[in-house]
Amino acid sequence: MNALISTALSGVVLMFVGLFVRNKQHIKFFAIAAIIIAFIANLAQYPSVEHGGYVMYGMIEVTKFGVLFNAVALGATLLYFLLSGSEFEKVGEHVADYFTLVFFILAGISLAATFSNLLMLFLAIEIMSIPQYILAGADKKSLKGNEASLKYFLMGSFSTGILLMGITLIYGAAGTFDIAGLGLGTESVHPLALCGIILIVFALSFKVSAAPFHFWTPDVYDGSPTVFTSFMSTIVKAGAFVAFLRMFHGSFAGGTISEHWTLILSIITAVTLVIGNFSAVFQQSVKRMLAYSSIAQAGFMLFAVVAMNDMGTQGIVLYAAAYSIATIGVFGVLMKLKDYTFEGFNGLARKQPLLAAATAVFLFSLAGIPVTAGFFAKYFVLSAAIQHGHLLWLVILAVLCAAISVYYYFRVIIAMYFRTGEPEVENISGGFKAALILAVALVLVLGLFPNLLLCWL
Amino acid sequence: MLTVLLILIPFIAGLIAFGLKGSGPKVLGMISSLATVVLAIGAWCRFRTAPDSLNLVANWIPQLGSQFRVGLDGMGVMLCLLTAIASLLVFITIYSRDYEKPGAFYGLMLLSQAGLTGVFTAFDALQFYIFWELALIPVYFLCSLWGGEKRIAVTFKFFVYTFLGSLLMMVGIIYLYFQTADHSFSWSSFSSIHLNPDDQKWLFWLFFVAFAIKMPIFPFHTWQPDTYEQSPTPVTMILSGVMVKMGLFGVIRWLLPVIPQGAAMWSDVAIVLCVIGIIYASCIAMVQNDLKRLIAYSSIAHIGLMCAAIFANNEQSLQGVLIQMFNHGINIIGLWIIVEVIQQRLGVKNMDQMGGMARKAPRMAIFLVIISLANIGLPLTNGFIGEFLMFSGLFQYNHWFMAFAGLGIILAAVYTLGMIQKVIFGESNDLTDTTTDLQPGETLALSLVVIMIIVLGVYPKPMLDLVSSTSEVVNKLF
Amino acid sequence: MPVQYYIFLSIALFCIGVMGVLMRRNAIIIFMCIELMLNAVNLLMVSFSKMWADAGRVDAGSAQLFVFFIMVVAAAEVAVGLAIITMVYRNTHSVDINILNRLKN
Amino acid sequence: MYTDTVFLSATTTPFSYFPIVLQLIAALGFVGITMLATHFLGPKRKTSDKLINFESGIEQKGNARQPVAIKYFLTAILFVLFDVEVIFFYPYAVNFKELGWEGFMAVLMFVGFFLCGFIYITKKGALKWED
Amino acid sequence: MDWFFIIEKVLLISGVLVLSLVVAMYSTWGERKIAAWIQDRLGPNRAGPMGLLQPLADGGKLFFKEEIIPSTSNRFLFILGPSIAMLVACMTSAVIPWGDTLTIAGREISLQVADVNIGILFIFGVVSMGVYGIMLGGWASNNKYSLMASVRAASQIISYELPMGLALIALLMMTGSLSLKDIVEQQRHGLWNVVYQPLGFFIFLVCAFAECNRAPFDLPEAENELNGGYHLEYSSMKLGFFLFAEYINMFISSALMATMYFGGYAFPGMDKLGLDGNMLTILGFLALFIKTLVFIFFFMWVRWTVPRFRYDQLMRLGWKVMIPLALVNMLITGAVVLARQH
């Protein structure tokens, strides 16, 4: 709740800061200060929910999980600002507006983590989505950016329509929007509710870019300004997943109802894993590879939704943190390079050992190699699926895909360390290096002691 | 505490080494490996008096029931000792060499040593898995950075193979975790699970594939000759001397006690695979002209025999395997040292271009002969006792298997002697005429190897005593 | 009138919208089809609200409030969408989404 | 803040709109008949010069269907946004006596955000028509 | 189905439509006369006494003029534009209560076509459609002036819809009903709304001027800039529709203002006269009609008195003055009503 209010207000404040402050560096500092305040405000709420959450006006349910997830999202955004905040001004003139939009997205994410009503689900999804359409097209001159923006907008609002239809049908069956009170799982399933659930699955799959609804993802992520791709493909995606998770755990779990959608969702998961990983292998540009990798990672995060147990809930928090930090880090380094192809990384280790080492750690984390946060993230979601009992085939498939993922992540490592070349790198500031080291430290600490994060849950 | 030190010393030394320049890393590596050897011997002594003092449990991730749980049993002590000795031998051998970026090279070597020791001391499944992976990463970088021409593709294949295997193992570990009564990853909880046979049937493969890739066993072996060939020889020493033992170790520590019925159900299949591997590898080794590949294939054959013996399911064979793990490690490292020497002198790996080296380098020739003989298990060398025990165990299990595996040893004699023939005898040529004999460091390393070969060949009892406890325990559970 | 009529009507409208989105190539028309989908949802939402109100639920008005929110969000989408389409038009002089696909290579 | 208020009293039934339908039919009829009548009544002497567009008597230049100034788009978009915000006041205005001061404060906050947006667009120059 | 009900409604609808048309026709005459009076001229005086037949002659002329559809225009939309404009103008009168009920042969006949509970919203919705007529007409002509004018008109109309809506919300807060009938009945038993809502009325008035494209907001038709505006290419009755629609809109706006702020068919002391229902209803209708005519006169008076705004002035007035003013009005109304409640 605090996170929601503070991020929304920060957004408004930043909007006005942009009107009166001309210095872009100062705007960035404002944004960083705002995110720190939001982070602290969010944590300040923790004691009140430590022994059980509470519902506000039947709309928002503040829980430990919500607060923790918000902390992860805000923390990751802080890191994102530290690493890539100065890239904002390269996109266009309206730096403060970009920050504002990021804050609005964060407000959407905090809503997604705490909603207890279908209305709030809808609003959360939309508050997250609409600013993204703008961010995707922030570079008005770039045709690719235009394309990304238009495509994202059309696909996004299409899926919104589907989501709404799903919500309406469920309302028709249940008569309430309260996710705890839908009561669909108890008796035989109303056909309207069934259609509604399927539509919601489709719509949310769109939002989290799960196959076969992923087709917009590569183009959008590739076409958008890199600095925003970094944000969209990480924190926002995690936010959408949390919405997904809350929705399905909150109201569709248990009883006969879960049988109906578990199968669909597990097939979606499988397809997502396969398509994401196999397509990523064939990419020539690191940015596009990361776009496909985000699809692949979405496949892993879907496990948490399918499995419906505590392990999955813990897993999604950890996964969100691990995946976001690592990907933001990789993007942060990527933006310092001129050439986004794999060849652009050739010989980076010799020229910028720190950057190369940090990237390697991030990629290890993405691949799920132990002692990085990514390992425990994968560990948790796979455990969740194994605990579920009927998803072993999916787990085996996931493991095979994880092995494939090594291929494309390691291409970057190979380029950096084992090939020779003269990468064109921008000047690296001390602040950037410090932020990078912080990110690496986070990845490693979470990789060794995931309970530092999970003990809050 | 001693056990933790065994991991920590190379780990910290490795990290420090990254920052050092010039001959700093060399010295540091030497000091660290000496210290670990001393510690490992200390652990051995401690194991005879107070084995429990080697175990340590500390909280790690309470939510998961995973603990930092290290300990040493007989096998563990032996393998830690092997690891320590191997790295000492490697460092002695390459002391006079200068590698590009020595800090990184020595750092990675030491880190891999730490990872290996971690694997051998882990008594918590999750921790075991993590060390299992960690041992791999430094080796991957070592091979890719300092290896031969085709190093990138080859080591990548190696990495993906083993990574896939270990992921499958992770699935198995998680599954077993949910079967434990107290939701714990500890070895004792794992080994006291009562799994129904159906589960054991498929769980076996999840683990076995991971271990089989690492060893490697017949259909999973394709990464191995390429990798051995392309890696820098010091890395190959670690790979073949210690790293492949991870697979065997895994089977003995984590497969047999945890999934006994599964292992029993599939033991025939496993042994058949091993025997095919033995004969296949031996045959290829016979026609092999490349020295490194020849030794690589011979290693496949030996490991196949060891693996077959594990599944032979009796105490004798198991004891044989355990002792052979150590001895094979020593022998193969000895062989690789010589290969390294030859390669460094001649710059070629092709045996056709060698010949007549006995005249120019008599000391090396002598060492090569002794070590080769030990490798084929001649009596009074260390290889004999292990192979003898394994064969007799295998014989008890099934005559035919034993017969086919025995064929392997005959073939081994053929190609090993062929190799000796080609390398050190025969006509010398322009290339070999310029060669020089061993340098002091190399002599020291090889002398240590030969001393161990002979001591253990003549008096293997301490080693047998050391591992007997393990073989008894495992065999009871099996 | 029975609620089924409304259900069928709005589902028909919704399907027309979906078909339009999937088959048309003009960005503006696709956009209009999306709006049609949203309006179909609004209609259905209100009819369900009436249905549940007749069934005696006191909180059936919440569905009507939902409609307000849908309209607001739709308006926000319109604002952003039109801006994007204008931007694209100014850069490419076309709103055909196939042209955009050609730009990719 | 869900209340159990059903927006608008339920005295109006669909039947109340029936006269409006009648009026629509009447208006349609009037428009249609007049259109047809004028079509048939007027003379038809078409020449090509008569049918070209009027451009103050000079030669026609270019196409009229050109993009107009972006300001107009901006106005349209802003209208959509603000109009929808205005829509929110309607249900409030109908029920505001029951909602009392608490509701008034909520609306005050809403108006505050409304004004924030308003000031923002003003400051950004979106409403500036003088060049 | 009650046939009498249908007959009664059909009659009423015909009456209302004819009334609107006649008022619109004679508004043109009135406008010219008033203009002449203000400018010290005579105005139309040839056709009939005082030129009273002039509107009929104009109407006849429009019918018999040649219908020209420019070759480059979009034929369908070109015809659709004026049709929509006229249709919309005819529809708004449906919810205005022209009087109380008449009792004929025991039947209560309401002088309101339809008393729906969303009356104001209905008018709002229908009026918003009017902009389509202008926009389509201007765009379909394929003429630069027309397009410019229609874009201007659209911008202007939508800009002034916002303060208009906000002004109505303030009214709504006081009355608590969107039904025009309810609003009139409340004024009948109390004071006219203009007393409570002077600011609101002012805002509504200004917006009504802008919505009707009347001077000083007649930029879409600014002859000296745009050659006649959005109906530049139109001729015959299609042009007539645009012109008529404008006058009908003016009439309806006047009636609406009279209804919402000046008591509609109610006049002070009407309940004390002691007349019977039917008589009172007729008097009420007359009262409304007179109020409406006064507003129409006001419209014309302003047109010939105040000069036209510049476009930037127009937009600035709409956005930067009217909207904040309307918001403030709304908040003050809310606060006062709530304070009086307790």
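Should a chain be cited, it is by its letter among A, B, C, D and E, assigned in written order, with residues numbered from 1 in that chain.
In the analysis below, a residue touches a chain if its C-beta (ideal position, glycine included) is under 8 Å from a C-beta of that chain, and two chains touch if they have at least 3 such contacts.
Model, not experiment: these values are computed from the prediction.
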item: Subunit C to subunit D, fewest steps along touching chains; value: 1
item: Subunit E and subunit A - chains in contact with each; value: D
item: Geometric centre: closest chain by C-alpha means; value: A
item: Chain separated most widely from subunit E, comparing mean CA positions; value: B
item: Of D-E and A-C, pair with higher C-beta contact tally; value: D-E
item: Centre-of-Cα separation between subunit D and subunit A, whole angstrom; value: 39
item: Whole-Å gap separating subunit A and subunit B, where each centre is the average of the chain's CA atoms; value: 42
item: Centroid spacing, where centroids are CA-atom means, of subunit B and subunit C in whole angstrom; value: 65
item: Centroid distance [mean C-alpha coordinates] between subunit D and subunit B, Å; value: 81
item: Subunit D: positions in contact with at least two other chains; value: 2, 76, 83
item: Interface hub residues of subunit C, defined as touching at least two other chains; value: 59-60, 62, 65, 76, 83
item: Residues of subunit B whose C-beta touches two or more other chains; value: none
item: Touching pairs - complete list by chain label; value: A-B, A-C, A-D, C-D, D-E
item: Complex interface listing, subunit C residues touching subunit A; value: 7, 14, 17-18, 21, 27, 30-31, 34, 37-38, 40-41, 44-45, 48, 51-52, 55, 57, 59-60, 62-63, 65-66, 69-70, 73, 76-77, 80-81, 83-85, 87-88, 91-92, 97, 100, 103-104
item: Residue numbers on subunit D that touch subunit E, as the complex places them; value: 8-9, 11-12, 16-20, 22-24, 26-28, 30-32, 34-35, 37-39, 41-46, 48, 50-56, 63-65, 68, 72, 75-76, 79, 82-83, 86, 89-90, 93-94, 96-97, 100-101, 104, 107-108, 111, 114-115, 118, 122, 127, 129-130
item: Subunit D-touching residues of subunit A, taken from the complex the two chains share; value: 12, 15-16, 19, 57-59
item: Residues on subunit C engaged by subunit D in the complex (per definition of touch); value: 1, 53, 58-62, 64-65, 68, 71-72, 75-76, 78-79, 82-83, 86, 89-90
item: List of subunit D residues in touch with subunit A within their complex; value: 1-2, 113, 116, 119-120, 123-124
